[in-house]
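The following pair of complexes shares a single chain, subunit A, combined with subunit B in the former and subunit C in the latter.
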Partner chain A sequence: MSEARLVVGPFNRVEGDLEVHLDVTEGQVASARVTAPLFRGFEQMLEGKDPRDALTVTPRICGICSISQSAAAARALGAAAGMEPTPQGAAMAALIHAVENASDHLIHFNLFFMPDFTRPAYAGQPWHRRVVDRFTAGQGGAVRAAVEARAQLMHILGLMAGKWPHTLAIQPGGVTLAPGPREKVRIEITLRAFRRYLETTVFGGKLEDFAGIETVSSLMRWDRGDAGLFIEIAQALDLDRLGRGSGRYLSFGAYPLAEGHGFAPGLWEGGPVPFDPSAIVEDLSHAWMLGPAAHPSTGETRPDAAMRSEAYSWCKAPRLAGRPVEVGALARQVVDGHPLAQALAGGGVLARVAGRLLELARTQVLMEHLCAAIETNARFMSGPVGRIENGHGAGLVEAARGALGHWLRVEKGRIAGYQIIAPTTWNFSPRDAAGIPGPLEAALVGAPVGEGEASPVAVQHIVRSFDPCMVCTVH
Partner chain B sequence: MNLLWLQAAGCGGCTMSLLCAENPNVFDLLDGAGVNVLWHPAISLETGVEVSCLLSAVEAGEIPLDILAVEGAIARGPHGTGRYQMLSGTGRSMLDWLRALAPRARHVMAVGTCATYGGITTAGGNPSDAVGVQYEGALGGGALLASFRAGDGLPVINVAGCPTHPDWVTETLLLLKSGALGPADLDELGRPLFYAQHLVHHGCPKNEFYEYKASAEMLSEMGCMMEHLGCVGTQAVGDCNIRPWNGTGSCTSGGYPCIACTAPEFEEPRHPFTETPKIAGIPVGLPSDMPKAWFMALASLSKAATPKRIATNAIADRVEVTPTLRKPKGRT
Partner chain C sequence: MSQIETFYDVMRRQGITRRSFMKYCSLTASALGLGPAFVPKIAHAMETKPRTPVIWVHGLECTCCSESFIRSAHPLAKDVVLSMISLDYDDTLMAAAGTQAEAALQDTIDKYKGNYILAVEGNPPLNEDGMFCIVGGKPFVDQLKHAAEHAKAIISWGACASYGCVQAAAPNPTRATPVHKVITDKPIIKVPGCPPIAEVMTGVITYMLTFDRLPTLDRQGRPEMFYSQRIHDKCYRRPHFDAGQFVEHWDDENARKGYCLYKMGCKGPTTYNACSTIRWNDGVSFPIQSGHGCIGCSEDGFWDQGSFYDRLTNIKQFGIEANADVIGGTAALAVGGAVAAHAAVSALKRAQQKNDARKAAAKTQSSKTRSSVDKNEDA
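Moving on to the complex of A and B:
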């Protein structure tokens, strides 16, 4: 029986630092340990600051989920201050947020995920030449087209949020800029151009047709655009079986609007089950963190400078009622009730990537609706967020890569506690006190490792299928 | 020209911003300039052993390193070990790698305010004991000594900003490539003058409000944000309002204050970011190069002279009073 231990790193195209330890037996991963090797300590930095400063500091946790952090901070602060955005302010914040999430999905597919199929290991595959042409890192036609389409879509952020990343445009009361008719038509025309790009390049067909797919078998027949190329590869490599998930999905709900969420919140386990946010606990048994396991509203962040040997990551292990959950675009679409996503539930690499493509198509449609509903004479800010003396609040939002929560406690006008659980904290968490591995650690078990493979390509597909954001994880 | 890009303790936002480059896109620009990306953590194919072998070859001098770009601050903690950021798969800290690779580089470029001066990673009590590549805040000497010089004889080039504008990074690369960036082209804090010789105030869409100190009282109002809302655009270097962000934007055009993100120690302003500190009701912090007495005199005079249009619009969220139209000369 052949056995080997592998350490995979530097692990790139994962937005930040990641190291994966694998025990390999008989050409398969027997167990995996996922290490986040960077500590920055944002939660500690925030303590003692004026609560409003969270709006400036927390977006800088992450250069790819910057607006998601901003939206979570604004919601947490608003909850503590007892204020809400105006309906049109909330809708514009949702549009700004959706632009970031759509951009992230695009970057993930084209720059982070697909280039792995250009590897020489796949040279014998009938699709290899096409993938090389489209997705060679930094060179491929799809890669170049994606950064251009994204840069142009982000003109909406230049127009309405000043810049990206790290805007201060989203506030507890709404947004800092009130759009007029001119801004509305500019957003509209930018969205039209983005739709044209999605339909000609990514999907090779109408977004509504892709978003209307209800079954896995019709998905597997989609043969157009770069999405079709991915489906062809997924068939050839049986990517649905690679890195399968637990089928337990959480979404905090994306884009809170006056009339409800753009994508619904909830918990899914073979069907919808009640979600209780108070059942979230962060376990520290295998993290280089000191203190007891706690709900984030009372939790703390004290790094273990001794880096004790039983622990192996700076990432805490969040658990919901004692169990791990998977978060992300697939989770969001499952929880929102999309039939294709529900049919894919519990799946592996195919399910996660198809879930993201599905959401990209649906997000474009959502952005168009939000744009059409802009009222150019409405109020976009309910009022200033003044000094908060005492209070607490949570901001639960959805970043591109899944559920993001901020929990804020204010005492005597200062931040007394600020805890953040990022999407990849859920997905890439280490083991908990009961020895239960995090979702990625579990999904990696069984992944094939070829003879002599030092950085197994199957492992890379699985890791990247989660669209991890390590810089958020190691806030 | 070989470029190696490392991500230290930061958010990766300067890379994400770089990908927003337009006319041409970042990949066409790098190709066109003859910049060969040896490895970039967000862009390159290579992972794991492929990368550690590459880094070792660069360290051994087997692959020439023309530009070392570092994004993110350098964690020194805990206890000076650098173990708060281990470069995964290598068993060595980023601090260690930086010190090993920098002497090999012809040019060293710190990208973003974390890499230049420590930035937001050093906010609060600086939990990871992070520093910039060659500065600790405004003080010379960071992960590298203040006396460090790269192969080109220059100190670390500090492309500061949180995040950096994509053009600040690409133009620095282009200037380096064409040999057109010398000691005289950097300011005293190592920032390229092509963008650091401007103030964020230059071209600010709120300039007419500023002229009369017609101030916004809360975010979303159109007036100048210097008096109440913490804006330091008159003191911050950057061409943000001359060279737009993401098409047409800037912080002030987006309706929120400049927080001088290109400056050392911007992360700790010692007051809430969106609130102007005042002494006896008078804002602290003068526009750069402005004598205080003159500023006070001009400010009180211009405030008194504020036209109704400007006073009204300053506290409105959209234009309420439009400019009075002048009739063509010679008609009554």
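Moving on to the complex of A and C:
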């Protein structure tokens, strides 16, 4: 087998539908094309609606990161209406959002990522039996524990946000429920239980110890909990070299609070560089979309029904100053300045998954702080969003999977334009007009493909290390 | 069929004790609105009946239904039901990948022809020959029709499969189409909501798995046991509605006192669902309890009825119980149209047949879907 073409997909345990086309030369991926085979057209539906309805419609883009969508919509709407949440309202919105992000990281690790190592291909490995016990889909001990722990953690969402998925509580002015002492105590208890789960099961040690790791070599010595099992596997399979990234990372900044972001915004290219949101352009050269490349504030969504042959995805190709960027938990931690994340920058599967575990530990600490700071007699909503006649605004937030932006334009009280760039739109974007591949397409180059492997396991690991959310991507 | 395990076998294999099993049976009975007398019946059915295979497919959707489902309150319900499902085919949760996964689907169809339940999450977009949603190189609508051909019944999970949901919002760019408009020759149970409540989902599926028949459905095809009352009927803020005490602005004094959200656009008075009784996230709360009005996500067309924050008009206050069904109808007409007509008629009918329906749920099946399901009952 010197040359071959492979189509990998559909991927299971990925949120939504995805296909990857691979050109394989000499047992390695020579080039990859990532296809999002699904299109829903949310941006078109929003046009002509009351702007406030974006708060209800956009969360339904995704049942896994619906709060991120609602947080972005609330921010965009607030920017257009010229209103800010109250400090306590912002803190509660951050707490609600953090619960969802932490849940997503937990599910990715336990249900989507680790089960790949239970494959018979790894049967000879000394860790295989332990992985099978812990991570067999639907039955492994870790899988059940994670689903249970997440359901418990989400009591906070039930309490503060009424229901999850598709929460309605986050508004431009804050949140709809003013938590009283009862809510505060229940949140505290829930967080305490979640910490216990994380420390006994996921990390096998104090969260602060894991979050305090500064170098890759001390990370590789972490041998406790399911995190330790992952590190052992990563070492055995050299997962850091698999699917290496460009080292260019973007974060819009997570959890905007009165005193600043929980995790800072910015751009990283070997070091912090200035980030200019106006340099974002969505390129449509290889997407089944019509229209010019444009900044999302003026962009449009017109599907190309002819599905022209030079294009190959429903996903647009967002670029920052003409270049692709990687987004996600690793990007966020790198940009926020965590020493371990910065030491992992540019890495592959190990770096992305370790970045997510690191963020999970840090998010728990952040949630505890937010809860302790709840002032039950404060104001949690600055006021109602009245009708917005004309205006525009952007809502830039961080979903679990990375930077999420909503760009809203209102004319005569109705939505005149609504553009969304989801995290996986960045990571899984197709090529742009200059032929530069998206981050996943680039990361797949060089991945080993075994003789006769129809669905190469290395490709599976790389794709899943990004934690893709295809329904958000193609909204 | 004889090689297929029973539910009880599946549970035993997973190390579930007899005691937990009985507890599960009684919880199921109460979730389904059945009396304690049904507990041994459920237990007997689960010990002796071969488990019903379930195939779970995803079309144009957001996976919120799966998400809701795996957080059902009773751990046994989700472990057992979930593991039974993943034994067969579910492309979000199962272990296999790629062509292997497609083969698993075909195997399940072949093996259980005419006996499996097809659970559909999301819906097929029909524009451009279905090209907006492609599974394994083929339009999802083809997979759906193929899997439906030999199914004994179909569950339409959530607003997407039941009605279209937000992706079908005007101008419905992909022509997202509810399942019953594509599959017309099979019994379809609609379990609307965006997403449906976890306990409603496990309740419906457990009922079908246990009794091997469809639950009693209303005229819109929704299980009566969960969709026969409006949010408003059992809303804990209802006394404030009756007393004329309303929230006027977010976070005003009235909001803090937990007054009625009707003026903030709450659709509770026209929405048939169990949110105000079963509640969400393990019964912790529901949207109205979190201070935001209901948006009516389990009603057909909820996504295109004017702003979610416009209040319902023409709703009467006092004496509402005397003519609840009529009120439900009128109020919904103000926002909706066709939906309301349905709701009112079915509600009236339901009121007349209430007692019969309850018995029917356990014993006989009055709906015309019975014959096609029962054919397989003792196969």
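Please note the rule applied: the second predicted complex is superposed on the first by the 474 of 475 C-alpha atoms of A that agree within 3 Å, B and C clash if a C-alpha of one lies under 4 Å from a C-alpha of the other, contacts with A are read in each partner's own complex, and residues count from 1 in each chain.
Here is the rule we use: a contact is a pair of C-beta atoms (placed from the backbone, for glycine too) under 8 Å apart; a residue touches a chain by one contact, two chains touch by 3 or more.
On a predicted model such as this, the values are computed, not experimentally measured, just so you know.
After the match on subunit A, would you call subunit B and subunit C a fit or a clash?
Once both complexes are aligned on subunit A, subunit B and subunit C clash.
So in the superposed three-chain picture, is A:Q171 touching just subunit B, just subunit C, both, or none of them (first/second/both/neither)?
So A:Q171 meets both subunit B and subunit C here.
Between subunit B (first) and subunit C (second), which, if any, makes contact with A:L357: first, second, both or neither?
Neither partner.
So in the superposed three-chain picture, is A:A345 touching just subunit B, just subunit C, both, or none of them (first/second/both/neither)?
A:A345: touches no partner chain.
Touching A:A443 in the superposition: subunit B (first), subunit C (second), both, neither?
After superposing on A, A:A443 lies clear of both subunit B and subunit C.
Regarding the shared-chain residue A:L18, is it in contact with subunit B (first), subunit C (second), both, or neither?
first
Per the definitions at the top, what is the overlap between the subunit A residues touching subunit B and those touching subunit C?
Residues common to the subunit A contacts of subunit C and of subunit B are 7-13, 15-17, 19, 37-41, 44-45, 48-50, 52-53, 55-57, 60-64, 66, 111, 115, 118, 136-139, 144, 147-148, 150-151, 154-155, 157-169, 171, 173-178, 303, 305, 307, 314, 379-381, 383-384, 454-455, 460, 471, listed in rising order.
Mind listing the subunit C positions that touch subunit A in their complex?
Listed in rising order, the residues of subunit C that touch subunit A are 14, 60-68, 70-71, 75, 78-79, 82-83, 86, 91-102, 125, 127-128, 131-137, 165-167, 169-174, 176, 194-195, 249-251, 255-256, 275, 279-282, 284-293, 295, 297, 303, 306-310.
For a test of understanding, state which residues of subunit B touch subunit A in their complex under the given definition.
7, 9-17, 19-22, 25-28, 30, 37, 39-52, 75, 77-79, 83-90, 120-121, 123-128, 130, 162-163, 217-220, 240, 244-257, 259, 261, 267, 272-275, 317-318
Touching subunit C in the complex: which residues of subunit A?
Result: residues 7-17, 19, 37-42, 44-45, 48-50, 52-53, 55-57, 60-64, 66, 111, 115, 118, 136-139, 144, 147-148, 150-151, 154-155, 157-169, 171, 173-178, 303, 305, 307, 314, 379-381, 383-384, 454-455, 460, 471 of subunit A touch subunit C.
For the complex, which residues does subunit A have touching subunit B?
My answer: residues 7-13, 15-19, 35, 37-41, 44-50, 52-53, 55-57, 60-64, 66, 107, 111-112, 115-116, 118-119, 136-139, 143-144, 147-148, 150-152, 154-155, 157-169, 171, 173-178, 180, 303, 305-307, 314, 379-381, 383-384, 454-455, 460, 471.
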